[in-house]
Amino acid sequence: MKQRVFEANLALPDAGLIKLTWGNVSEIDREAGVIVIKPSGVPYAEMTAESMVATDLAGVPLDAKGLKPSSDLATHVVLYRHFEKVNAIVHTHSTNAVKWAQARRDIPAYGTTHADTFYGAVPCTRPLSQEEIVSAYEEETGNVIVATFQERHLDPLSCPAVIVSGHGPFTWGKSCQEAVQNSVVLDEVAGMALGTELLNADIASIDQYLLDKHYYRKHGKDAYYGQV
Amino acid sequence: MKQRVFEANLALPDAGLIKLTWGNVSEIDREAGVIVIKPSGVPYAEMTAESMVATDLAGVPLDAKGLKPSSDLATHVVLYRHFEKVNAIVHTHSTNAVKWAQARRDIPAYGTTHADTFYGAVPCTRPLSQEEIVSAYEEETGNVIVATFQERHLDPLSCPAVIVSGHGPFTWGKSCQEAVQNSVVLDEVAGMALGTELLNADIASIDQYLLDKHYYRKHGKDAYYGQV
Amino acid sequence: MKQRVFEANLALPDAGLIKLTWGNVSEIDREAGVIVIKPSGVPYAEMTAESMVATDLAGVPLDAKGLKPSSDLATHVVLYRHFEKVNAIVHTHSTNAVKWAQARRDIPAYGTTHADTFYGAVPCTRPLSQEEIVSAYEEETGNVIVATFQERHLDPLSCPAVIVSGHGPFTWGKSCQEAVQNSVVLDEVAGMALGTELLNADIASIDQYLLDKHYYRKHGKDAYYGQV
Amino acid sequence: MKQRVFEANLALPDAGLIKLTWGNVSEIDREAGVIVIKPSGVPYAEMTAESMVATDLAGVPLDAKGLKPSSDLATHVVLYRHFEKVNAIVHTHSTNAVKWAQARRDIPAYGTTHADTFYGAVPCTRPLSQEEIVSAYEEETGNVIVATFQERHLDPLSCPAVIVSGHGPFTWGKSCQEAVQNSVVLDEVAGMALGTELLNADIASIDQYLLDKHYYRKHGKDAYYGQV
C-alpha cells in the first residue's frame, strides 16, 4: 500500500501536475483502518515508499516518531468519512485547474472529453469564512467540499473532482491510479474550457443527452468502452 | 498492416496529441475487405501490434475471441464508406482542436500553415440531435460528418479534417502516416488561430489566391514542394 | 558550410520552432558565390549534411542531379541581394510568431527581452497582391520584405526579423547560429507580447531611451554585455 | 560557493525559466565580503563552477584577469546592501513573469499557490526615467526596487520577488536554492493569474485571512508545513 501511494505521488510530477512539493496522494484501507499519505514538504527526489506516512482513520500517525503526514491530511480524513466509496484522494495545484479555482467558477461540461469522466460541471466550493480558516482550516476545507456535494445533490463517484475556491483541485477514485487519472483529466478539461470561452463567449454546456451518452459509455452497468 | 496501425497509434501520444487512451487510428484495405483499428481502452504502454483489431468492412471483428475494437469504429466505417479515397482515419482529443469543437466553430484559414494542408476552413459539424445520440451514436457521428462535407460541397481529400461539435477532431489521408500528420497540423493551426483572434478580433481569412497558391504548391499536378 | 547549415536546420526542431518539415536555414558565401540551403520537404530525421543543396547566387543548384532546394529559396536569394551584410537566413512557422503574422500586426517592443535583440517593433509586411502571388510568389515575398525595410527606413542588422502577412517569420544574421538564435528570441517575445496585451489592453511600447539602452548594451561599439 | 552558484544558474534553464543566456544567480557571503555571480553572456553549455566570478561587496572582481561578471551585477549589489537578510538573488526573463512586467502591473494574490510563498501582491516598479537609464542603468534598477519596497512598506523576506517595469523579475532568498525556487513559483503564479483574469475579469485578491493562513502555514514561528 505504501508502494502504491508512493508511485501515485511520483506520477503527479511526471504528468506535469505538480511543481516543487505542491500536492499529495493518499489511500485508505477501510477494513484495516489505515490511511497512507505523502509526508509533508519532502522533495519528490528524496521520497521513498518508506517515507509514506500511515495513520489511523482519524489521521493520527501510527508511528509517532516517523515523518509528519501532509498538512492536508485533515481534508482527506473528512472526505473519506463522508465519501464512503472513495478509496484514494489526490490534491494538486495543477495550472489550469487552479485558474478556475482562483476565478471561483465551476468548470462547465463543454464537451465529451469532460463528460467521459465528470458527469456535469466540476463544482467550485464557496470561499471559506474567516472563522473556518482560523479555527481548523484543513478540516473545514473538507467540510466545505462535502457541503458542496450535499447541497448540489452530487454523487462523488460520478463527479470525482472539486475545486476549492481560491485554492485548487482535489480528485478521488476507487484506487490511487483512478484518482491520479482524474487529476490528469481535470487539468486537461480545465485548459480546454478556458480556450473554449476565449473562442466563443456565449457557449453553453453540452446537451444533457450527449453528457449522458458519453458518461454512461464508460460508467455503470451499460458501459461498453474498454475491454470489460 | 497491424504493425503500421500500431505505430501510427503510438505516434499520437509521442506528438502530444493524446492523453490516457483518448484516440485511435484505423486503416482500410479495400481490396482485402479489412479494417484494422486500435482496441478499446487499452493503455498505450500495454499495446502491441498484435493488439490491433481486424474487422470486415461493416466493422465486425474477424476474430470473435479477440480484443474489442475502438468504440469509435462505427464512425470510421461510415467515413470509409463515403470517403472512397481515404485509406486511414485518426481520432484524437487534441487540446487546441477540442477548444474549437467545444466552441462549435469552424477553424478559419488564417494563414499559409493552414493552407498548406487544408484547402479552406476546417468545418465543425452541427450538434447531433437527441435521437441520433440515443439510437446509434458513433454511426450518426459518421453520418453528420459526411453530411457536413456534402452540404458544403467539400472534398475530403482537399480538406482532410473535421471537428465534431462538442467532441473533437477526426482527420484522414491516403495512409496512416498522412492521417497522423494531418492531426499534427490541425492541432497546430487550431492553436495559432486562437492566438490570431486574440491579437486581432477583426481578422479575416487569407485571400483566396494565397490559399490557392499554398495548397497547390503541395497538392495536385502542379505541386512543386518536396522532392517528387 | 553544408555541415553548419545542416546543424542549424536541426537546431530548429530542437528549439521547438518547427513541426514536420516547416522551415529552412540557408547560408551565403559571397566570395565563393555559393548559397547552401535545406532541401525541399525532406523529413528532419532523414537529412544529412550531404542533403544540403548548394546553389549559385541566383539560386541555381550547382549539382543539377542533386536534391531540389527549399521552395523558399527565391525569397532567400532576394534578401541576400538587398541585405548585403546578412550571411544566413532562417524561415520557420513558429507558433507565436505566426499568430502575429496571421493577425497582420507588427510585434511592438514591449520590453527589454525584445530590445536586447530587435531595435524597435518587428515589422509585418503588407499582404501580397494576387498578381504577386500568381506570378512569382517566393521572389515577391522577398521583394515585399525588402520594400518594408526600405519604406520604414529599417536596418536589417538592427532589426534582424520580419513577419510576412498571413504567413510567418523570417530572421537573419551574420552567421547561421545568430540567425537561428534570432528565431528563438522572436518566437519568445511574440508570445510575451500576446500575454502583455491580454493583461493590459492599453499598454504602450517601452520608452525610446530604454530601447536604446538595452539594444546598445549588446550591440555596437559601446556594447558591454558578454566577454568581448 | 562557486559550485553552489554554478548549480543554481544551471537550475534555471532546467526549470524552463531561461532561454539563451538570459538570467543570472548570485550569492553573498557577508562575513567574507564576497559576492559570486554568473559571468556575462557565457552560454550555459560552456559554463563551469570555475567560470563563476567572485567580487567584493562593491562589485569589483577579485580576479582582475578573470571573466567579466554579469552586466546585472550592479543591481544585485544594491539589493544586497539594502536587503540585509537576503543571501542570494536570481534574475530571469521567465515568460509569464515578463508578461506582467511588460504590462506594468503588480501580480495580485489570487490564490493559495501565491500566498504560500508571497505575502501579498508581487509589486511592479515604476518605469525608470531617462536620466536614470542613461546615467547608471543597472544600479538605478536596484534603487527603484528598493524604493518600491520602502514606499509600500514591504518586507523583502515575506515578498521575495519584484517585477521591474518593462523588463522582468528578480527573486531572492536566504540561499541560492530558495531564490531559484521563488523564481519557479513566481512564473507559475504569474501564468495562473493571467488565466484567472481571462476567466473572471472581476476577480478580487483572496481574503486577508486566507493569505495569512497560507503564508504562516509555511513561514514564521507557528509554521507547521514540512518536517521541521
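The chains carry the letters A, B, C and D, assigned in the order they are written, with residues numbered from 1 in each.
FYI, a contact is a pair of C-beta atoms (placed from the backbone, for glycine too) under 8 Å apart; a residue touches a chain by one contact, two chains touch by 3 or more.
Molecules present, by chain and UniProt name: A, B, C, D = L-ribulose-5-phosphate 4-epimerase.
Just so you know, these numbers come straight off a predicted model, no measurement behind them.
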Across the interface between the identical copies chain C and chain D, with over half of residue numbers shared counting as same and under half as different, the residues used are different
Greatest Cα-centre separation from chain A belongs to chain C
Cα centroid separation, chain A vs chain C, in Å, comes to 46
Expressed in whole Å, how far the mean CA point of chain B lies from that of chain C is 32
Multi-chain touching residues of chain A, meaning two or more other chains, are 198
Contact graph of the chains (line, ring, star, complete, other): ring
Pairwise touch list, complete, is A-B, A-D, B-C, C-D
Chain A contacts chain D in the complex at 19-20, 22, 39-42, 67-68, 71, 93, 95-96, 98-105, 127-128, 130, 133-134, 137, 166-168, 194, 197-198
Counting only contacts in the complex, chain A reaches chain B at residues 110-113, 116, 181, 184-185, 188, 191-193, 195-196, 198-200, 203, 206-207, 209-210, 213, 217, 224-227
